[in-house]
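Look for chain A in each of the two complexes below; its partner is chain B in the first and chain C in the second.
So, the complex of A and B:
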């Protein structure tokens, strides 16, 4: 080893800065003291978790996945199964195994199990899908999303099919969501600077050279797929506690494209981009919603026509991508010094 | 770094200017509508909400509730569940004593759950699932409409008693809970009707372009059934009805309330022998003259006729809630719920309403029967099922 500081020390600033940013957002919510604003902030933290989860795979492998919201669905339903009162499960979801009907866990324990459950399925799907590359892999992930959605929309006595599953305890304090978002950021950072993460990024940029150097691409992709599947599952579990209702159509195309576009706007190749993409777009959405609802200035009320929010959001996204085609952050990460490092650890070689 | 200081500033500014007042003032009576002002649910929520506003206007004109004017606050759910939860919290922060939520259970429940966890009364504008109430939200939640199952049961019993139908065919569109609910009610009623038989049953999906296979099976029955219980809703209902009639099947077609309205009849010209249960008539021939007067008021307020009977539950919900508040002498949720649960056949403009501690919904109700004859719908009868549908049958 040279006498350069370790890769972890050189890149630790990124997750720390991002965490401070998230904490700052949380403090704004606490200072505002309004319940709907608090809920908005919870939504933002959930999206941060999901987009960071998506980044772990998409950012490091360069393969766009349309299927990750499927893992969110798995996580959300697993959390529902584990936290609903047994009485309600008996009537609404009688097809669950006896022991699962009887069990009722606190939400944080259920969230951990839900993440593991999603990761397990990511391993099963990934084992097969990760042999594919490029557009074929993207299409296959989309097929996976459709499969998960179809199973969950039709398995009447286990998932309640298209009906809403209710009875999930609602968690309205902001802290669990903040903690999960920060945990997701650290997991993503930890993966990015790990051997697997570094190899995967090498293969993303130079697939031929990477395999010539002995990198087993399907294996490295699978690791990223499982880690990101787990984070998406964790996000899904928290999502179910944020509104107390889950339905399969919540976890389908709408959420897939919302999270993907936030990642693209932020910068696909950068963890900071994933977080900043969510924060910028969510803030914009929120400001436009307030303007739609009307803001009183003196005696008059300024209000935009309903629907302007969606249009303005689309325009802003086009403008951002026109001027910064690789997203707000491009491939750079936030750092204490002027940003000059590329991906966390990209300049460092594993030994 | 520059980026996020800007962001934070923007956020703080937005929070300060945009956050609603959250001090609930006890001197006010506030009704909060956490309903869809945009998105596809708006088509269902807006008309019922307009009707609710008419009732609020009437109460305020007559001196208010407990001597106070009812105030109204709104928040848009954007036909989105996560936004629904926020909309619920917004109206609660604005001091709502009653939270009115989206018509549909799936879209209204997030807001209703926020009301429940704040210990407030919530009312679904027109949900027809048993879950929209105690079973799916909690002890402070109600629905202003009538259960879908009652519609199926009403049509079965009425056609048996008044039209002497004996052989029935059951055709279910498996798309929504509502559709299944109608057929569940039909299934519950049919065995109670002596010598009524189910000669066949089949399912289809709302989006199916063709139900030719199902029609072939009806046609291959030895005899055309007296009645077809069609458990479906818009938009697929129109195509199904059109195909049944085009195939030369002239059995009477029984439906749920969701196909009420004349807006789609031009798609099936000269439709006859077609029956729908409704809570009130939009066709100007309601036996209760006050309903026709209400329709006129609705035209005045909104500039158009009610397009379906789903306008009416909005009016009913404010009506029964205000009565309960008046009797309780307070807007305190538990006291109001206690008064609502005492209501037995409470008269309203659109039929009597009953609530009790087991069910916050109507498992028995008076329905007007609308017959469409040669393309013209008109009220021909009214019917109340002989006994309420038990909760067990509804929960299955």
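So, the complex of A and C:
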């Protein structure tokens, strides 16, 4: 038998370092002790969850998905259905089945069910979509997002259509969001080092040779799609508890663009890239927000005109991608000693 | 008897006939050569035999079972492996992982796939390359890794698409030795597609010659060497030239 260390031992450093990084961010929020900053941290952890969820599919399969925020929408509404007080559901969403109106679960239990609900729909959509490749697959995922958005924007009795669904219990402490972000990182790592993850990454780079190696590409893509859809749904559930209100358009083009750009800027070829992309761009967004709000220097206040945030963010992204087309992390993962090759299953030394 | 057969295989697209009623048979332990000028349809035939191209007529059978409707990964799982022109390795992965992925693709656990990969690298004679990133290998080593990868799971049949392309005479000799071992020691049925006609004549038990999508000759090396039709196909004229010269012409 092989004397090579197990894949888990060789690569465990990556999720551990990323988790420590997230914990460090959380501790900064605690030390700062301000409520708005707390909310900023919650937003960051939510983005980490979503971008890592996106990475599970996009990073490993190489297929850009414009549709994943649809699963976040499914998760967010599922969490709303499961956690709102029955009285409010009766008034706002009378079309829900009786049992669903009557039920009121704790947020964490609802979040798990919301993740499974999103994963179920990922399996349904994925069964059809995963036979497609390249731009056709990407456009099809976008069509899926549009379909989900259209259904949720019009099914008045069940989703409240375009009006806000209020009354979702708000969770203000940062810890559940931190835990979910870390769970997402470990799920992504677990998938990446699994047989399914290894096969999918091989197929990403050489689909023809992968088929000739016995790999059933649509099946491996479907597995990643379902896992990734589940993580997106989990993120959606927590998202709904972070603001206490959901509308279909919260989970549409804006969030799709934000999460995809964070993944691309971080480096979609690596899990570390997914997390680093969120942390770097979120920090930048926060700094620009402060500057827009105005910073006092002595007696005068320096403030950037409104709208500079979006422009500056766009410029920074273009500059990063111009100099590092494969993102900040390129194809590397964080490791105790040094960056190593992107494949969490790889152990070789580049020469 | 075990065999991989193409029976009257035809491939036609957009009014072009790439293969026309081609018959070919690969049997265990024997090396079958497939030669022909550029554009003769050799790679198309390999694609048909491995599920990458659906035939528009005829059938591919493995021990009597029709493979024509199967997807490439299903054909591979039935024990028909192939290599590609240009290697097509998983370039970002270490050599050992290239083989491991195939073991896993064939249904093994990771540990079992790694164990077999190590064994296979040693068998092919490239164990020291195990941890090298595949994309950094010299050309000839790439070819050997590709062959090692194709041999994972001990397939009954392996189709080698121009394994000697770009190799020196000495490297081609080493390759010939390896191909003989694949047929002899492993008992694999080998289909060798090669531009190096000299190598094919030296190695193969049986040779099929394609030209313009049709079989123009089939037989043992002596028969092929003496065939006027084959000479004509290569030279465009019935010149009085012995076949090995074709190697220079390629």
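Keep this in mind: the second predicted complex is superposed on the first by the 344 of 351 C-alpha atoms of A that agree within 3 Å, B and C clash if a C-alpha of one lies under 4 Å from a C-alpha of the other, contacts with A are read in each partner's own complex, and residues count from 1 in each chain.
Please note the rule applied: a contact is a pair of C-beta atoms (placed from the backbone, for glycine too) under 8 Å apart; a residue touches a chain by one contact, two chains touch by 3 or more.
What you see is a predicted model, and the numbers here were worked out from it, not measured in a lab.
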Partner chain(s) touched by A:245 [first = chain B, second = chain C, both, neither]: first
Which of chain B and chain C A:190 touches, first, second, both or neither: neither
First, second, both or neither for A:198, with chain B first and chain C second: second
Chain B versus chain C as contact partner of A:331, first or second or both or neither: second
Contacts of A:287 with chain B and chain C, given as first, second, both or neither: first
Partner chain in contact with A:7 - chain B first, chain C second, else both or neither: second
Contacts of A:36 with chain B and chain C, given as first, second, both or neither: first
Touched chain A residues, chain B compared with chain C: B
First (chain B), second (chain C), both or neither touched by A:210: second
On chain A, the residue positions that both chain B and chain C contact, one per complex: none
In the complex, chain A residues that touch chain C: 1-2, 4, 7, 195, 198-199, 202, 205-206, 208-217, 331, 341-343, 345-351
Of all residues in chain B, those that touch chain A in their complex: 1, 3-4, 7-8, 10-12, 14-20, 22, 37-38, 75-76, 81-82, 84-87, 89-90, 92-93, 105-106, 109-110, 113-114, 117, 131, 136-137, 176-177, 395
Complex interface listing, chain C residues touching chain A: 50-52, 71-74, 76-77, 81-82, 84, 88-98, 100-102, 104-107, 109-111, 114-115, 118, 131-133, 136, 149-150, 152-153
Complex contact set, residues of chain A against chain B: 21, 24-25, 28, 31-40, 43, 91, 162-164, 166, 170, 172, 242-245, 247, 250, 276, 279-280, 283, 286-287, 290, 292-293, 295-296, 306-307, 328, 334
